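In this document, chain identifiers A, B and C correspond to the written order of the chains, with residue numbering beginning at 1 in each.
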Amino acid sequence: MNEMPNIEQATDMTETKISANKVQVYYGDTHAIKDVDIEIQPRSVTAFIGPSGCGKSTFLRTINRMNDTIDICRVEGSIRIDGEDIYDPKVDPVQLRAKVGMVFQKPNPFPKSIYDNIAYGPRIHGLARNKAELDDIVSSSLQKAGLWEEVKNRLDEPGTGMSGGQQQRLCIARAIAVSPEVILMDEPCSALDPIATAKVEELIDELRENFTIVIVTHSMQQAARVSQRTAFFHLGILVEEGSTQDIFTNPKDKRTQDYITGRFG
Amino acid sequence: MSEHTVSAYDEELTAMAGKVAEMGGLAERAFADAVSALVTQDHELAKSTIENDERLDALHQEVEMKLIEMIALRQPMGQDLREITAASRIANDLERVGDLAKNVAKRAIAIDSNLKSKKLAIGVEHMTELALGQLKQVLDAYTRRDAEAARRVQEADAEVDAIYTSLFRELLTYMMEDPRVITQCVHLLFCAKNIERIGDHATNIAENVYYMVTGDRLPEDRAKLDETTGAV
Amino acid sequence: MTETTLSPEAAEKPAKLPFKSKSLYEVDDLTRKRNAAEKRFKTYGMAAIGVGLFFLFVLAYTIISEGIPAFTKTIVEVEFSLTQEQFDEAEGQLFKTKAYEQIFIGALQGQLQESGVSVPFDATTIERIVGKPGNTIRSFFTANQDKLGGPAAFELAASSRVDGYMNGRVTRENMTDSRFLQKTDLDLVDNLVEAGVIKTVFNWNFITGADSGVDNPGAAGIGASVVGSLFMMLVVLFLSLPIGVAASIYLEEFAPQNRFTDLIEVNISNLAAVPSIVFGILGLAVFIQFMHLPQSAPIVGGLVLTLMTLPTIIISTRASLKAVPPSIRDAALGIGASKMQAIFHHVLPLAMPGILTGTIIGLAQALGETAPLLLIGMVGFVARGYPDGFIAGFTEPNSAMPAQIYTWAARADFAFYEKAWGGIIVLLVFLLTMNIIAIILRRRFERRW
């Protein structure tokens, strides 16, 4: 019974990690996302750009079902990760979110120690059998997030006492710690200064080796810098999706053109 | 195209395009004057053409600085990015056209005698006419953002190359017949080469205009008709 | 007006509008007006605070000055020895206490002569000053026959009039001769004070003791009521905190938003505004008449006060849950925590200081509540003793501090009036202790950054 989907999954792996098909999102009576079709490739960075309220964040949140926490939000259509429909009734959103991690706009470390911030995810998912394993996960996550050298001597200090950029990298390390396959980032640099932003961008580029990353950003320059593919959303519609070079030098759609050149009124 | 949210950006882009067009006008005139000085042996005209090139160079520098400033301050994207990079390349080409015209003007003074043959002058004039036409059309295409016109300019380049090839052979024949005219003919040959190069620059501009407007490269299928390289 | 005056040219070139720069050194009228208004407002504020402070001071002064006498008592200290023969002789008489009284008077006279004071007095005067001492002496010696023969010191509570005279409530001018006290008695009192027989001591009995009868204000204490209040607060704390927090978490985090939950929310807010006497009658009807729980018992009082406190706790808990930034919830959910894990691991600890504050406010309100206790019989009851054991503390009839204060204030004897003030001081100390505990707890929770 399991063989067929496995084969399908194996073939899918090479091309598409996430595929959305005719996705509709409603907030009560508002049709927030209309007919979005997109395929996201594994081990790459895909950027969602668009004016405020265009639905890019909403769509991002459908990928790990964070919208479930909003009562009036309803999703139609299908989103498949590795060929499995994540809106299937059999899918538990909590399990899904361990596979699809998320980093938020505002750095939001828990008001606990740096160590506990990272260790929380592995603890609740039972990823470590003992303290030594947990220590390993914490240090390797911090290393992957490029934060190890900065914090290795103060792991028991509060995560909220770090600088904004460090906090955001801590949040990324926290997301990595549960070994997700996909990391969603919702404007991860909007609260950071340019240098902290550059560090986070560098980190995103490194993480691309192991993770599929989807990033929502208001900064087109950032999308251009970190992503391989870019999708432009406008009024809940996916207007255009393509390689980042094409989107930023030669967009096909006039709305994309107007947006990236700063002609939106 | 609708306007930018930041209106100063629009003004800068328009001003820049105006400057490039002005450069085009200057280059065009320098080219026409230089050839006319050559054909009529008008040293005064040649000298003034040489002097005028300074203005073109100054304008080119101004445009370059403005473009760098815009890239740094406005971070252009999409159409704007293409427009700005195209303007930079076009300005470069126009500056080269000016230099080539200056070179022709210098040679007009250096030849220092009437042209040996009316026929030769006609060849040069005809070539000039074509190249000048190309230049005019391409500058027109630039101001009108006309990709189709730009494509036609590129196609016309073949003709200039063909005339250059025949002129080259003709001059070679003259030099073989009468070694005394070798100096004069070499000068003429360089002039012809310069004119041919101006035609190439016009083609470059056409390619840039085409890219600027459409975002695609012009198909690079034009046959290189400059056979002189093979003839030597 | 302004639209019509703005010509299109002016709108296009706002920078070209005529503009006259004024010196910053000159304060213009508008600024002066604004500054004056600001200063006025500050003055109002300070005046308001001043009025508040004044009343607070008056209140504190009144409470302390009126209540302090309740913590002191006037005693008559007499030392004498009783021989076996005297004891037997007294026991043999018909009016045994009368006999002891005679012995007591004899001893007192002896003591007075020793200190060189001689004032004539008789038994009725003594009775007016210390009541009937014979009974106290007799019961002491009957219980401790081994003490016979040796010297024994007696501290007898002076009558409330004498007590009043000692702390200034009763003066020669405002008193009238009655069977309780006569002006001439006061001379004796003065002499006794001089001889060191009558003195004022700290009244531990007021803090530790139980209520006395209406005729004996000097023996009244608030201790039993403090215990009653304590048991009630235990009931309130252990019922309302878990119920309130659980209800708030469900309503705030899990409940679907529909008409039914809206209705519940509105009703909770309304319940917080319901007069407490309504809860009292509810308690009477449900807990006593229907469930047959013991009347006047702290458990019933606690249940009623729990009902009254719940809305306060639910409202404040929900507010503090709402105040936890949603980003923390998102963070937990984003790494795959379940909703319950997110709430119990992250949201609740952050909301804890707020919840504690709300709980303490609720408890303090419940502690000071009298009205509902009226209806479940805790006011009419006179707390004459401590409960036996922990369980009995909940089930045996008892009073509560505010109820006790109310009872005293309603009694005829003026001496109970100062007991009421004293009771208020104890109540306030109790409240202050609770608040300090709350502050310490909140600090502890908040220190976890």
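Everything that follows uses one rule, which is that contacts are C-beta pairs under 8 Å (C-beta built on N, C-alpha and C of every residue); 3 or more make two chains touch, one makes a residue touch a chain.
Predicted model only: the values in this text are computed from it and were never measured.
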{"item": "Chains touching both chain A and chain B, listed by label", "value": "none"}
{"item": "Chains most often in contact, by C-beta pairs", "value": "A-C"}
{"item": "Most centrally placed chain - per-chain CA mean versus overall CA mean", "value": "A"}
{"item": "Approximate Å spacing (C-alpha centroids) for the pair chain A, chain B", "value": "51"}
{"item": "Approximate Å spacing (C-alpha centroids) for the pair chain A, chain C", "value": "58"}
{"item": "Whole-Å gap between the CA centroids of chain B and chain C", "value": "101"}
{"item": "Multi-chain contact residues (two or more partners), chain A", "value": "none"}
{"item": "Chain B residues touching chain A - in the complex, by the definition given at the top", "value": "1-6, 9, 75-82, 215-216"}
{"item": "Touching residues (chain side chain A, partner chain B) in the complex", "value": "220-221, 224, 248-251, 256-258, 260-265"}
{"item": "Residue ranges of chain A touching chain C (in the complex, touch as defined)", "value": "64, 66, 69, 71-72, 94-98, 101-104, 106, 108-112, 120-121, 124-125, 158, 160-161, 171, 174-175, 177-178"}
{"item": "In the complex, chain C residues that touch chain A", "value": "256-257, 325, 327-339, 341, 345-346, 350, 448-449"}
